[in-house]
Every structure is written in structure tokens, then in C-alpha cells.
Amino acid sequence: MAEKQIKIVAFLCNWCSYGAADLAGVSRMQYSTDIRVIRVPCSGRIDAKLILSAFREGADGVWVSGCHPGECHYLEGNYYARRKFILMGNLMEHMGIDKDRLHFSWISSAEATKFAKVAQEVADTIVPMGPSDRFVKRAV
Amino acid sequence: MKDEVVEVEVGAMILSPGFKPFDPSEFDNYQYANHPNVMTAMEFERLLSASGPTEGHLVRLSDHKEPKKIAWFQCVGSRDMNKCDNKYCSSVCCMYALKEAVIAKEHAGDDLDCTIFYMDMRTHGKDFEQSLNSAVDQGVRLVRSRIHSVEPITGSDELNIRYVTEDGNVANEIFDIIVLSVGLEITPKVMELADKIGIELTDGNFADTDSFAPVETSRKGFFVCGAFQGPKDIPQSVVDSSAAAGEASALLSDARNTLTLKPEPVPEINIQGDRPRIGVFICKCGSNINGVVNVPDVSAYAASLPCVEYACDNLYTCSQDTQDSMTQIIKANNLNRIVVAACTPKTHEPLFQETLMNAGLNKYLFEMTNIRNHASWVHKDAPDLATQKAKDLVRMSVAKVALMEPLKEGTLTINPAAMVVGGGLSGMAAAKNLAEQGYQVHVVERQPRLGGQANNLYQTFKGEDIQQEVSSLAQAIEENENIQVHLNTTLENVEGFVGSFKSDLKCESKTSTIEHGVAVIATGALPLEPSEYSYGQDNRIITSLELDQKFIADDPGLKTMESAVFIQCVGSREPDRPYCSRVCCTHSIDNALELKKANPDMHIYILYRDIRTYGEREYIYQEAREKGIIFIRYSVDNKPKIRLKDDQVSVQVTDHILNRPIEIRTDLVTLATAIVPNKDERLANFFKVPLNEDGFFVERHAKLGPSEFATDGVFLCGLAHYPKPIDEAIAHGQAAASRAVTLIARKQIHTSGNVAYVNPVICSSCGVCISICPYSAPSFETEGKNQGKASINSVLCKGCGLCMASCRSGAIHLNGFDFNQLFSQITAIN
Amino acid sequence: MNMITRNIQKHAASLLKAETVDVFIGFKAGSFPMSAAPVIIKNPEQAQALIWDSNCRLNLANYLTNRTDKIGIVAKGCDSRSIVNHIIENKITRDQLHIIGVPCSGMVDKTKIASEFTDEITELREQEDSLVIKAGSETRILAKGEFLRSNCLSCTHRNPVLYDQLAADLVTEPVIENQFADVDKIESLSRDEKWLYFDDLIQNCIRCYACRNSCPLCFCPTCFVDESNPQWVGKGIDSTDVRTFHFLRAYHCAGRCTDCGACVEACPMDINVRDFTRKLNKDVLDMYGWEAGLDIKKRPPLDTFNPNDPDEYIK
Amino acid sequence: MEIIKIKKTAWPGGIDKARETYHLFGPVKDKSCHIFRPLENNIYPDMEYTSSTLSPKSVLFPQTQKILETSVDESEKNHHILTPVKQDNTPKAVIGIRPCDAKAMQLVKLNFDTKDYRDPYWCDAYESSTFIGLAANTPSIFDFSTSAGSGPFEEDGLDVLLVDCKDHYLAKVITEKGKSFLNTTGFNESTDQNKADQIIKDLKTCAEGIINSSIRTENLKEKTVLDLYNAPFWEDLAFSCISCGTCAYVCPTCWCFDIQDETRGSLVTRIRNWDTCMPPLFTQHASGHNPRGEKTQRVRQRFMHKLKYFEDKYDQGIMCIGCGRCVEKCPVNIDIRDICNLMNAYEPEKESAVSKLREK
Amino acid sequence: MKNPYTPYPVKIDEIEIATEDKSLKTFKFIFLNKEDEKKFSYQAGQFAELSIPGVGEIPIGIASSPVEKGFVKFTVFKTGVVTSHLHKMKTGDIMGIRGPLGNAFPWDNLQGKNLVIIGGGFAFTTLRSSIVFMLDPANRSKFGNVDVVYGARSPGMLLYREELFDWEKRADINMNITVDSTDNPEWKYNTGFVPTIVEKKIPKADKNTCAIVCGPPIMIKFTQPALKSLGYHDDQIIMSLENRMKCGIGMCGRCNIGKELVCKDGPVFTLEELKQTPGEF
């Protein structure tokens, strides 16, 4: 069997990070092919359930990116999200899940360079770890 | 195509012919015409662009080697009376040079040396000063100097620059690329046009306008916007264009809606209960996608996915003929869900949604996935993996779209009345325009009179008498039947949302409520009360506004003074207030000239950091120098010092040329104090609009939406947005009014279907949603069978999904991004 | 009969008699040693069934959820904090409650005590700070302080934070050097060790949901594990599903958990489910200076934010 | 029936021999719990345990069990056609099962093996199992088996009864299956049958004497369902219930289950999981309607089922063998003994007379 | 004995939208293995578990009649996860059906009797099965009069409209079709709620008459007094229950009402029987 391709789910907020991804494309910046973008309105939309679902369904990594704190299109969404992410990330780490598989970032729509850089960084941390084996839901 | 003469009858005309970048060919000392590695900033922009000649790869054009050092020369074709005839400052070049330098470093890495040779660093725009600071932090080198000459180095592609340093020495430095920051100028054709129309031009050949009518030309009915009115950047151009549109509309308000045509709406097909029949349209985007991703392969794959009844690829899915055929395909195949795999939904979603509607489908039965920006363009060296990724993205979208449901958009009736908060110049300009366009306006002013800070100002740099203009404007406002002025009034509470706000006003102890459909925030700003330079300890140390007061009062003392000192940047461009207050350089110079007029023998010193007399304000700077006003530059870490001794005021400053401290004995010290925002958090909260760290309001978009908020129905103008001079404040007021009218003129608007809703059976009434929603959309039901359960006012909901992500019970759903929809995408990744 | 029991009975009877409350919720004696059962009392005569001892481990706030009548209730420190949370989250109103606060000296750990004896314990009596225990033919006296539940050992809110009357004088709150030594211990493990630690911890979980259902915070009409569209968590004892349940249950308690230990008390398999929630309790205290249930006016930390919140590891 | 003697020193050797023929299951200590687990090599049943935390029902009725499977990949043959998952039905021996727990299997059998349908998973597992019971010399304080149709030395449901006699076991062979098992172990030390029988009887009497709690069930059968159903005590009894599934999951006679489909990739597995009647979702219709939406209804269902409906349906006594697990493990101390006695003593006429008196 | 959990594989042969709001669809299945059809021998009133691999099972009354050969038919209301999924399936898809399950209407006892069939809304499926069964030339003589009251919210919500209108024309069955209301001026049948029509149109009870009642709870609630006023005793009123089920074979434990298992001892009970059980349905 061919080696499983690493798949990283990227939840990008529509207003900042998705825009940054668009701009990175316009600027022809090259980065890892392992990222699969799911567009969400706001990083505030992301909850533990979605992140956990991604791991359970076989994502090898999850990356959530939103607007910079204070620059949320919806005023405060990412401030709330930030608390969630930190607590969730810490609890995951506490349970022994590689936190390197879970990434958060704030990237504005102008920061194409940062987007490409972080995308590559995320992939570079996850790919060498190989397919995820913790929190993956397998057949009974 | 053959030329055709078409005659159109119009009631007003807006001139926006723009500018052309200055052509530096005639400057032989820069080698522009001779050397491929000398280019204009516009050419350099192309070099940085992914769609440019090198696909964004930064190289010397001479040999395609990566450069190590790049120099920018500022003021090429600007502020220059000798080599060209452009005395004015082009306003935008400092900022674009900084931007290019930073991007160049991002492209080529931190080792790239980027040096900007400049005279004054003019970053007077909103957030520009912060960009300047961060550029410096990122290693962009700034050299204050004017270039003497550029010499190619024989036997190499490099260029030697000879320039004079600040202390008068000649220096040489070698660069790979030289970028000429060329200015803006008006073309002869435009001048001809102006002549034909019969409008007056300024010395710089810009359309002449009055500070109090900044978009009106000298001929009635002809309006101007953009760089033809003066060199300006994008946000200011956008402001002007809205203002010009608004002023033209005011002129033509009687004719509104007399020539409109309405398209026949296509009835919506009821797909409730039908199994998903998905159509997938995959765009080749010419070769933009197909050049990397194997689009026919993706299309064949899409056809094999569950519920997909039709899949095809198109050369350009967004082209009109594809749109037409899409409509036909949807109808012919009975499709009820559509996926487009192409570019970004951020720009193209509305277009495809319209196609859905034309085919009779609810526009929410749609999902778009971005296989260009997120695949072909960013994985050009991995076509197989990019194709695989495109398939994954299509599969994810197909999974999601199957779960999309038709959504209903709410209809909001717009109350055609506006509230303008703040009765300063900007607010009055907004109110006047709104009233002239035929709408009811409430102007709410805290003070007992209209005019705001303008009541404290003496004259504009063009010499217009501000007091006279303000009182006639105030009078016009008070006399306008459409305007109700509420003086001595504060805003106590705001309820409602776009189209139907209810605001509580309090005047003395009386409260009243007004209803309005839109609001314009024009709350202005305040002068800084300085805490340095011994302010308050001697009545000869005053602020700029206090000096204006003396002019207004025609203070005889001003004529007898022997010496006057102006200190610039008092409280601006400092760590606590890292922005430029924009108006102070012009203001001080104007006042200095006024003093000079009163007493030509007076010794006048202006202590500054950078002189920022942008645009045609530059003329008075030149005049001031000509008239012997002495400009002494100081640096922020070595500020001037005031000495009060023996009833004498003296100022100590280090002369930047002599690099020696000098002491100026003076009769008057004028402090050009910063403009500070009101930081009105209460107001921000009333309208759910953001404030930035400095305390100014944050507009919808820094470039493209400077006169409105992201919050629907709330508009922004004047100094509450950022410091600005009178002409810009008035244009901003007119622009905000103009933007507001685009909303209220529609009478009704539709709200997005992508909103959240609560399943009351699952709701646990814990109140998280109510606690966190920035828009107060959720509330508890107060009666009925769901009493005590949360419910969401879909009109207030912006669809961010924060409540949903915070709802532990899973009672909240978000149309378009619901858990099952995102989950289907997640499960489809593998 | 101890003094607290006497006072509770007295207060309950008079509240019911005066019709200040419609019902009174407290503990009655359990049907076997080291047990106590939540009970609802509806008339003054029944008040004599109420007791108070070191086995009142459960959290009575759990029984207030969505009640509409006027209720008298016994509350130790942690119960009172959960009541505060209940008020914040609209599960009950302050007006409905008459709280008889009980300053708490800690509840005993029945598993720990049982492990001291080979035979089953047939009787436990309390005398001051000692426990007189009969097991088989043996009778021994243990010092209560050494056999408290671990959450009681790290508790710094023994006194009720919200009450209308007290059943005893307030006690001095202990000063605890490191409240989170248990969390630190897990944190000091390597990632793999942590994984195995939790793997072992929940290995015997039978998903009876006693931990969830005994918790006053878990009042959602439908728990996430029971969601059906999509049904994203399996219902069996697959280890990932079990872990998902415990992870998200704990996460849902973030900033709301008062560490009352009811979850551990209820678990039939003796799983220390607090190992999940404790980490969150530590983090919210460290990062947001928050302890749950101390103020009826303040929403829990995930319902609010501070612009300067820590964001280590967010790029 | 024959009684043989097994020296404890010989015990491990015999167990090891049995492994060759049987999959062994037995009580294993895991932290503070005893759980019936498959006995891997070198693992021996903990014969000193009092009662297992979970009943051994999981040996025949695993908490999660694959029953059917198929593929939803349309390119595969027989896709979407569910077929039974093959179960491992090599002979099993359940060592050290408490007599009352074995008796419980007999009650569960009434559900899974009926004249209309036979549950092949449970029945096949049952038929392949040999139950080697361990008499409870010192029953737990929670034990009330003697009044619940069973007892610490109950033989119904067992193939062999082991009785702990300090340094040896007396093994009473009850069935042929039991005999076969002992044959494979090689245990065959004979002993004086009468004496052994007497020892067992004495220990039994002693053990039964230790049990000091009981239930009264004699009136249950003749009560009218609806009288008991409408009895006034249910609401107060249910007050403290938290609707968890502890009582059902630890109970050796509770058999309720749920069927769930799980899909991973194209593989679909139909799974059967234990279920419990205590949470509201158990009976909730897709429409949201719920015939037992209230906690009181569910608590009543649990006890009515065990103590009344079961008896009415099968005429085989109550659906409880008195192991006491639910009493011990119920987080809120709902005690089936109290409830059973309440039901047994409930007389609606008297009750209404009393309430009428009160009204006066 | 067959593994009772294994469904018979079937193919969706036809899907028909049953009501105007598309909330009900009628699925016609054919057995992949011909011999399974024989094994699946059923009587009107029984149900089966429709089994979708990866989604789950749902008990649905059999709408086709034992006298209709070569297929089985189910009319399914979209409400939960399984039914929603079923509604998204297409002809040719393969799934399973498990059954027949439960008792049926007591056909042996009903022989020679007059029958009143009362149905409302989408609970007409097994009643359709029954009517087709009775109207079959081979069976019609075994029964006395057949009176039917069937009502729905509106004409478009009536199931099996074409058949209803055909039966209306026949002499061997008395059809009373009704709708709660309609603004269609061409509606030529009754208007009014089912209980009202029952009171007006249904013959008074005699010993030899039985009523089968299937419908939404509200209809059942008001039909009972109507029948009572017409003289029907509880043992003459036959009803079919629905409860949450999983196994369908009396083992999983959730559908009971008292000691009766709705899936196996039911779903058909007389009102008299029901009155002796806790009404947990």
C-alpha cells in the first residue's frame, strides 16, 4: 500500500486567514500540499468538537487560523476563541496528544507571506511525525 | 471596434481622470533611461508581482541575478522646482516606498538591504506611522539625503550612488537596483479637458477646490474626485469619490429613481424533500488552474462522487457564456446543489449565486472551493499532489453541498432618517448632504453650538476664514427643514439595528427617543492637553489652537513679538501615541506665515521631526522657507527643552546641521499638540463598532471602506476616524452621507441567510450565547412555550458562529457552516 | 446526633413549617456504611430524616436544576459554589433558594478507607475528628483528616460562599502550599507516559455517565455524545469514543468546575475523572485568575475575555 | 453428583491445562475493581474476591459487540449487504463465577432464547460456555441472594461449584459439561462424598447466615400491574436518581441493548452496545415524543420490570438474583431492597383509605 | 433458526413522492434473492425494519399487501436520521429489510366480521395493506361490510390518492375520504376531522363489527369517544402502536408497555388490552 498522504485540516476564518491564503496564491507563494482548507466565518466558530472531530476522522494535523486579536471582523470572536484554543490545546497536551499536531495562528488578510510561512511550518512539524495515531477513531 | 459618438444627458458630472506617474527619463543623473537596473516604483511593483515578468521573483533586470542591495529615491518629480515643475508633494510615495521595501525583504529574505533616500518621511496616513516603525524594525534603512548622481560601475551591473549626508559630506554607496519613487502628475490631456469645461486649476494643475467644498470644481455641477483634485492615496480617493457622488446626488435628488429598470425575478424552485442532485463545475481559469492541476481528471473524479449528477470543466467558469450555459445545465439536469471549483469565493461567490438564482435555485444551495489560490498557484511544482488536493477539495465541497438547504433572507425596512452624532464640520457636512438628498436628519451635539473644534480654528492653509465659513454652514444646517439639531444633548442608549435604530437622547434632564435607519458617527477628536514643554507654567507657552484664538481675537501682542518658536509633534509619533496628527505641520507653518505677515521682522523657528506638508500644502512650506522662517529638525530622543528664567522663555534645541545645541530666546512658544481621539467606548458599544488601540474608530476597510463600519447602517467620518484637515473632514462627512444614502435609498434590504438559530428543545438556557454575542443577537424568550430558552434575532446576527461554538448543548445551529456541514467536509478529507 | 445534623433538622422543619420553602433538599442516612443519600423533604415531620456526616459527598446543587418551586437546601462549600454557577447559568434563581450553609471539614474517601481493611466495613461512626470503623471482627479508629477525599484535601473553599443561614460556625480555610500537585505530577510525565496514564485511567470506563449525571454542571438536555445529526461519537466502549467523552465532558466544565468530586464519588469503576477537570481548573486559575462559583455576577472564563489574555503557542 | 477435591497447590497447573481446550475467563483485580476478563497465559483468576464490580455477563454479552458488517464501496461484491460477523465460539470456561451470577444467566436466557427468535450471539456464546462457580463463603454485606431466588451456594446455572476449604477446593460436578471441564484440568482427587457434602452444607448454612438483608417478594405476583404502577411512592423514590446507567450496567440480569452502525471508510459495522433504561433517550421517538421522558417513569420502569413485569411474563420469579451490586454502586443509594419491600407491601385500598382519613 | 438481525438484501425499485410536501415517499423494494420473498411472508398489520448499512434501522409498517407479489412497499415519513437518509436514496440502491415483525391485525378473528377502518395522516400504510388484502377477490367474501374513514390535513397530504379514489367508486367498500380543510372548489369528498366523520358516517356497533384505528395521537384521542358513542366496546377497537424500537424481536428492551413488547407482542392491541397496561407509548 502506498504511504498514506498526510492530511492537515486548516480551518481558516473567512475574513483574515482565508484572505491571506488567497493572497499567498495571488503572490504564487509555494507551500506544502498537505493542507486542506475548510472555510469558516470566524475563528470564533471553531470549537473543541470540530477539532476533535478532525483528529477522530483521521486528520494528521489541525490548524486553526483567524484574524489578529483586536482585528476580528466580528469584533471579539477571536478573543473568545483564544481562550478556548489555549485551554483545549493544554488539555490535549495533558492527555498526551502531540500538541505539535494542533496549531493556531493569527494571520491577517494582508499577511500572505506569514500564511505561506506558517502553512509550511505546520506541515514541516506534522509530516515528519507521520500519520496520527492518537484520538483516531478506527473500526471497532 | 469603431468609434461611436453617444450623447448622454446628465445633470451633473464627476471628474476622476486620475494622474500619470512622473516620467523620470529626462533626469539624466538617475540613469533611468540608460540602465535596466534603475526603474520606477511602478515598474518595481510589477517585478514584485506574481503575475509580473519574473513571476514575483526579485531579480536585477540586467542579468536576472538576485539583488543584495536596493535603493529607493524619494521625491522624484515631486517637491522639485529645479529639474521639473512639480512643487507639490505627491503624498503617497513615502508610504509606497516603505511598503515595497518591506515586501522586497519578505520576498528575498532579511539579508536584502533596502535603503530609502528621502527628505522628509511623510507617513501621515492612518496606521502609516506604525508601518514606518515596523519597516525600520525589519531593517529598512532610511537615509535623509538628496541624491546627487548615479553612476553605473563599469564591468559590473551595479550602480554607484553619490549623495550628500546630513552633515554635508559626500558619500558613495553601491546598489544593485535603484527604484525611483516617482510622483503623481496631471496629464496635458486632462488640463485640456479642464480648459474645455472651464474649470480652474491650481499651480500644480489640479482641479481647484474650496476647503469647504472639497469636491466641487469652480463650475457648478462639475465635481471632482481622486488625484485630479490633488495627489492622494487610496482611502482619500475613495472618500472623495463617495463625497462627489453624494454631492452630485444632492444636486439631482429630485430625479432619483426616475430612470431605473427592474429585472424580472426568476421564481425559486422548491427543492424541499428532493434528493441532492449535485452539479460540479470545475474551472481551468485559462491555464491558471489547468496549467498545474489536471482539471479534466478532477472533473471525471467529481462525476463519480455520490449524488453528483453532472460534472464538467470550463475554460473560464466565470465568463458570461459559461454562466449562461450553467443556467441551462442546471435546468436541463434538474440540479439542485452546485459546486464550483475555481478561484476564491471571496470575490466570485456572489456571481455564481446569481447564476443559481437565474436558474431558479436558492442561492445558498452552493459551495465554492478554491483550487486556484489554494492549489494550482501554490503548488506549481507538484502537479500530481495539486491534482490530488483539488480532488480532495472537490470531494469535501460535494459532501458539504449535499447538506446545504435553501435559506430565506430576512427583509428589513429602512427608516429613511439618519442620526449624525457630532455637530462638528464633518458631521455638519454629512447632515447637510443627507438633508439635501431629501432625508430627515437628527444632529446630536453635546456642546451648546455647532461647529466642534472648527470653532477654535483661524484659517485654512488656503487662507479661508474658518469662523465665517463655520457659522454660515451652521446656519444652513439650522435652517434646513430636513434637519433637527439637538444641542446640549448626549446619546444615552441605542437599540435596534440597521434600518430601525432607536436612540435615547438626553438634553439637560429631559430624555427623548428618536428613530432612524442609519447613523453617522462624527464625534471628532480633541486637542492634547500637553504635559511637557512647561505648558501651563507661562502664558507665552501655548498650543496651536490657543494661537488661533489669538489670531481670531486679533491679539495686538502678536505684532510686537520679536521671536516665536513652534514645536512640532507634541504628543504625536511617540510610543504612547504612535501616529502622526497629520495637520500640525501645515497648521504651524500657516500660523508662522501669519505671524510673519503681522511682523515681517519676527524671528520664527519651527522645530520639527519631519515636515509633512503633503500635496499642495508644500507650497506654504516653500513660502515659509523663502520668508526666512527657520526650520530646525530635532530627534525624538533629543527633544527641545524649555527654560523659564528671569521672566524669559528660551528654547534649547540641537541644530541638526551643526549638530550643536542652540538656545533661542523667544516671546512665544507654540506647541503643535497631537489630536487625540475621544476613545468613546460607550458609543462604540452602542453601535457594536470597533475602536483601534489609539482610540480611533476602525472603518470597514482601511482602503476601500473608509466612511463606513463593518456594522451595517453605521457610518464614520471626520476626526473620529483619524486626524485630518478641514477639506478632508468635510469630504469625509459628505462621503459618509453618500454611503448612508446607498442604504436608505433602497428602502428595504435583505439580510444574509447564513445566520444562527436555536433549537429550543436542546437549549439549556445557560446564557453563554447571550453573554458573548458581540451583536446582542441572542436573548431569552420572554413568553410562549419556549420561555426562558435562547433565541436569535436573525436581523442582528452576523453569522460568525461564536455562539454556536460556545454552546455546550449543541442547541445552536449556523446556516451554511453548521456542524454537520463542516463535519461532512472533515470526514471527506481522506 | 451531631450538632450540624440537629441544626439542619431544626432549620428545615421551621422553613417548611413557615412555608418559607416548598421543599427541602438534604441528605438522609444511607442504607449501608459510609453512604448517604440525597433526599427531598416536603413536610416538617420528615425533617428528622436529615443528617450530616462525612459521607455527604454528592453535590446537591445537581438537584436544583430547572426546579420552579421554593427550595431549602443544605450546601457545603463546593455545593454552594455550584449553586452560584447554577444561578449564573439560569438553572435556578437566588430568590427560590434558602441555603443552609454547612462549613465543611471534608468528606471521607470510602475507597481509601476500605483499602485499609481486608474485610468489608460493616460500620463507621464519627467521633470528633476520628472515625470508628468495624470491619469483620476488627474495630479500629482512624484519624479523619488522613482519609479525606483528595479534592477535599486540596479544597480552599470549605465555607459556603452563598447562604442564608449557617448550620455551624465558619471554619478557617486551610492554606495549601500546592493546590495542584496532582496535576503537576501528570504534567511532569512525558507525552507517551501521559497518553498511557490516561489510557489506563479510563480503561474500565463503562460509559454509564454517572460522572456526568452526578455533576451539577452537566445539565444539557442532550449531551454531545448523544447527538445524532451527525452522530459523531460512537456509543460503545471504543477507546477513542471513551476518550472523546471524557475530554469533551471535562472541557465543557472548564472554568465552571468547583472540584466537588461528585463525579469521582459517583463512578462505579473508581475512575478518578478529576484528572481531566483538574488540569483545566489549574489553567483557568493560572491564566485567568479564576475559581468557579465565587461570585453570582461573574460569568465563567470562557464566556468572557481579556484583550491581554495569554496566547503562548498561537503563531 | 460427584464431588472431587482440588488442592490449591495443584490449582494453577490444572488451570493451565484447561487453557489448551478452553478460553478461560475469570475475575481479575484491576486497581480497586474486580472484572471478568479473558485470562491470558500466566494470568489466574483471583479466587479471593468477594464480588466483581461488573457482573460476568460481559463474557456472553460484551458491552460492545460487532454483529453484522458490510462494505459500502459499490465496486465491491455484495456491497451494502449486511452479513453476520463471525464470533469466536471456541469453548469458554468462566472460572470463579459467583453462583448468583450464574443463576442470572438463566434469567437472561429467557430473553435471548425464545420460541420465536434466538439471539445467536448470546445463545452460541452461552452454549459454548462452562460455568465453574465459586461458592461465596462470606457473602458481601450487599448480598441478599437468599431472598431473591438464589444464594451463595446456588447451583442452578453452574456446571461445577467450587467451595473454598482453605487449602483446597471441593468441586461439586453439576453437569456433564462441568465434568468435561474437570477432565481437561486433570483434577480428579477423590474425597469422601458424604463428608464433602456435609462440609459444603455446613459452609452453605454458615454463608447464608452471614447474609443479613433480604427482600420480600411473595405478594408481588398477585398485585395488579396498574395498582403498583400508579402507586404514590415512585416520585419520592426517584427523586435522587441521576439517570445514569450504573445499576443496569453492573446488573447481571439486565440485558437491554442498543444497535448502532459505524462507518470507517467503506467498512460498515453494525454494533450492539449495552443500553440502559435510565436515560431519557432510551425510549425517545424520532419525533421527540417520549413515553418515559420523566425520571420517575424510568425509575418505575426499572423496578416494575425487574420485580413485576418479568414475573408476569415468564413466571420465573423476579429479575434479580440479589447480588447487591446496584445497591453498592448506585451513586445516590437507591436501594432495590427497600423498593421491593415497598412494592410487596403496597396495598392500594389501604393507601387510599389512609389518604381519605388524612383528608378528613 | 435464522440470525434474526440479518436483513434480507433488497434493491430500491421505485420511489414515489407520496404527499405534496414531499415529507413522505413510498419505496418499492424487490428482494435481491428471490427465495427471500417467500421467507418474508407477512400479514397486513406487520412491520419490518428498514436497514441502511452505515446509517441504521427503522421500523416501518408494511404498506404493500400480502396479495401483492414480487415486491414490498413502505411509505416513510422523513423524521429522523434513518428516514432522512432513506429519502436521499435513489432507485437501484441496495439496502436491507428485516422482518416481517410483530403480530398482525387479528385476521383469523376478523373473518366473517364487518370492519371499520379508521385512519389519519400518514398512519394509513398498514391500513392500505389491509384494505387491499380484503378487497382481493379471494378474500372479499371472508369479510362483511368494510367501512373506511381516512383523513388528512389537505387533499395533497392523502396517501395513495389514486387508489382511494378508485375504492371510492367501488360497491364493496364504503369509503369516507376527508380532509381537515381545503380551498380546492373541486374537492368532492368530505371536509372535517376524522372523529366527526366517524360519528356521522360509521355504522353503529354490533357484536359482529370491529374497528381498526391508526392515526396521530390527537385523532385517536377523539376517535375513541366517537366510537364509544356508536356502541363500540374496547375489545372491538383494534389499534396499532408505535414505540422506539431497535431489535424488533423483543430483546433489546425499550419498546415495552408493561410486560408487553410492542415489537413482538404488538404492535396490534385491542383497546381493552391496552387499558390494562401502563400507557407508555
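Read from first to last, the chains carry the letters A, B, C, D and E; within each, the first residue is number 1.
As a working rule, a residue touches a chain if its C-beta (ideal position, glycine included) is under 8 Å from a C-beta of that chain, and two chains touch if they have at least 3 such contacts.
On a predicted model such as this, the values are computed, not experimentally measured, just so you know.
Participant: Any chance you could name the chains that touch chain A and chain B both?
Facilitator: For chain A paired with chain B, the chains in contact with each are C, in label order.
Participant: Just to be sure I understand the contacts, which chains border both chain C and chain A?
Facilitator: Touches both chain A and chain C: B, D.
Participant: By CA centroid distance, what chain is farthest from chain A?
Facilitator: So the farthest one, by centre of C-alpha atoms, is E.
Participant: Given the two chain pairs B-E and A-D, which is bridged by the higher number of C-beta pairs in contact?
Facilitator: If we tally the contacting C-beta pairs, B-E comes out ahead.
Participant: Looking at CA centres, what chain is most distant from chain D?
Facilitator: B
Participant: Closest chain to the protein CA centroid?
Facilitator: Per-chain C-alpha centroids ranked by distance to the global centroid put A first.
Participant: How many Å are there between the centre of chain B and the centre of chain C, using C-alpha atoms for each centre?
Facilitator: Distance between chain centres: 55 Å.
Participant: How many Å are there between the centre of chain C and the centre of chain D, using C-alpha atoms for each centre?
Facilitator: Measuring from centre to centre gives 31 Å for this pair.
Participant: Between chain D and chain E, what's the gap in Å when you average each chain's C-alpha atoms?
Facilitator: Roughly 39 Å separates the two chain centres.
Participant: Cα centroid separation between chain C and chain E, in whole Å?
Facilitator: 51
Participant: If I count partner chains per residue in chain A, which residues reach a count of at least 2?
Facilitator: 49, 53, 70, 76, 80, 84, 137-138, 140
Participant: By the touch rule stated above, which residues of chain D touch at least two different other chains?
Facilitator: 64, 258, 260, 262, 265, 271
Participant: Multi-chain contacts in chain C: which residues touch at least two other chains?
Facilitator: Those would be 222, 224, 229, 231-232, 234, 236, 238, 302.
Participant: Using the touch rule from the top of the page, what pairs of chains touch, sorted by label?
Facilitator: A-B, A-C, A-D, B-C, B-E, C-D, C-E, D-E
Participant: What residues on chain B touch chain A, complex-wise?
Facilitator: Within the complex, chain B touches chain A at residues 49-51, 55-56, 106, 344-346, 370, 372-374, 377-382, 385-386, 388-389, 392-393, 396, 688, 690, 692-693, 710, 754, 772, 774-775, 798-802, 804-806, 814, 817, 819, 822-823, 825-827, 829-830.
Participant: Over in the complex, which chain D residues touch chain C? Could you list them?
Facilitator: 30-33, 35, 50, 53-54, 63-64, 138, 140-142, 236, 239-240, 242-246, 248-250, 258, 260, 262, 271, 273-274, 276, 279, 281, 327-329, 331-335, 337-338
Participant: Sort out for me which residues of chain D touch chain E in the complex.
Facilitator: That would be residues 67-68, 70, 72, 79-84, 111-112, 114, 116-120, 225-226, 229, 255-263, 268, 270, 275, 277, 282-287, 291-292, 297, 301, 304-305, 308-310, 312-313 of chain D.
Participant: Under the touch definition given earlier, write down the residues of chain A that touch chain B in their complex.
Facilitator: The contact residues of chain A facing chain B are 5, 7, 9, 14, 18-19, 21-31, 33, 35-42, 44-47, 49-50, 53-54, 57-59, 70, 73-77, 80-81, 84, 113, 116.
Participant: List the residues on chain C that touch chain D in their complex, please.
Facilitator: Per the stated touch rule, the residues are 30-33, 35-40, 58, 62-63, 111, 114-115, 119-120, 122, 203-204, 206-210, 212-214, 222, 226, 231, 234-238, 265-270.
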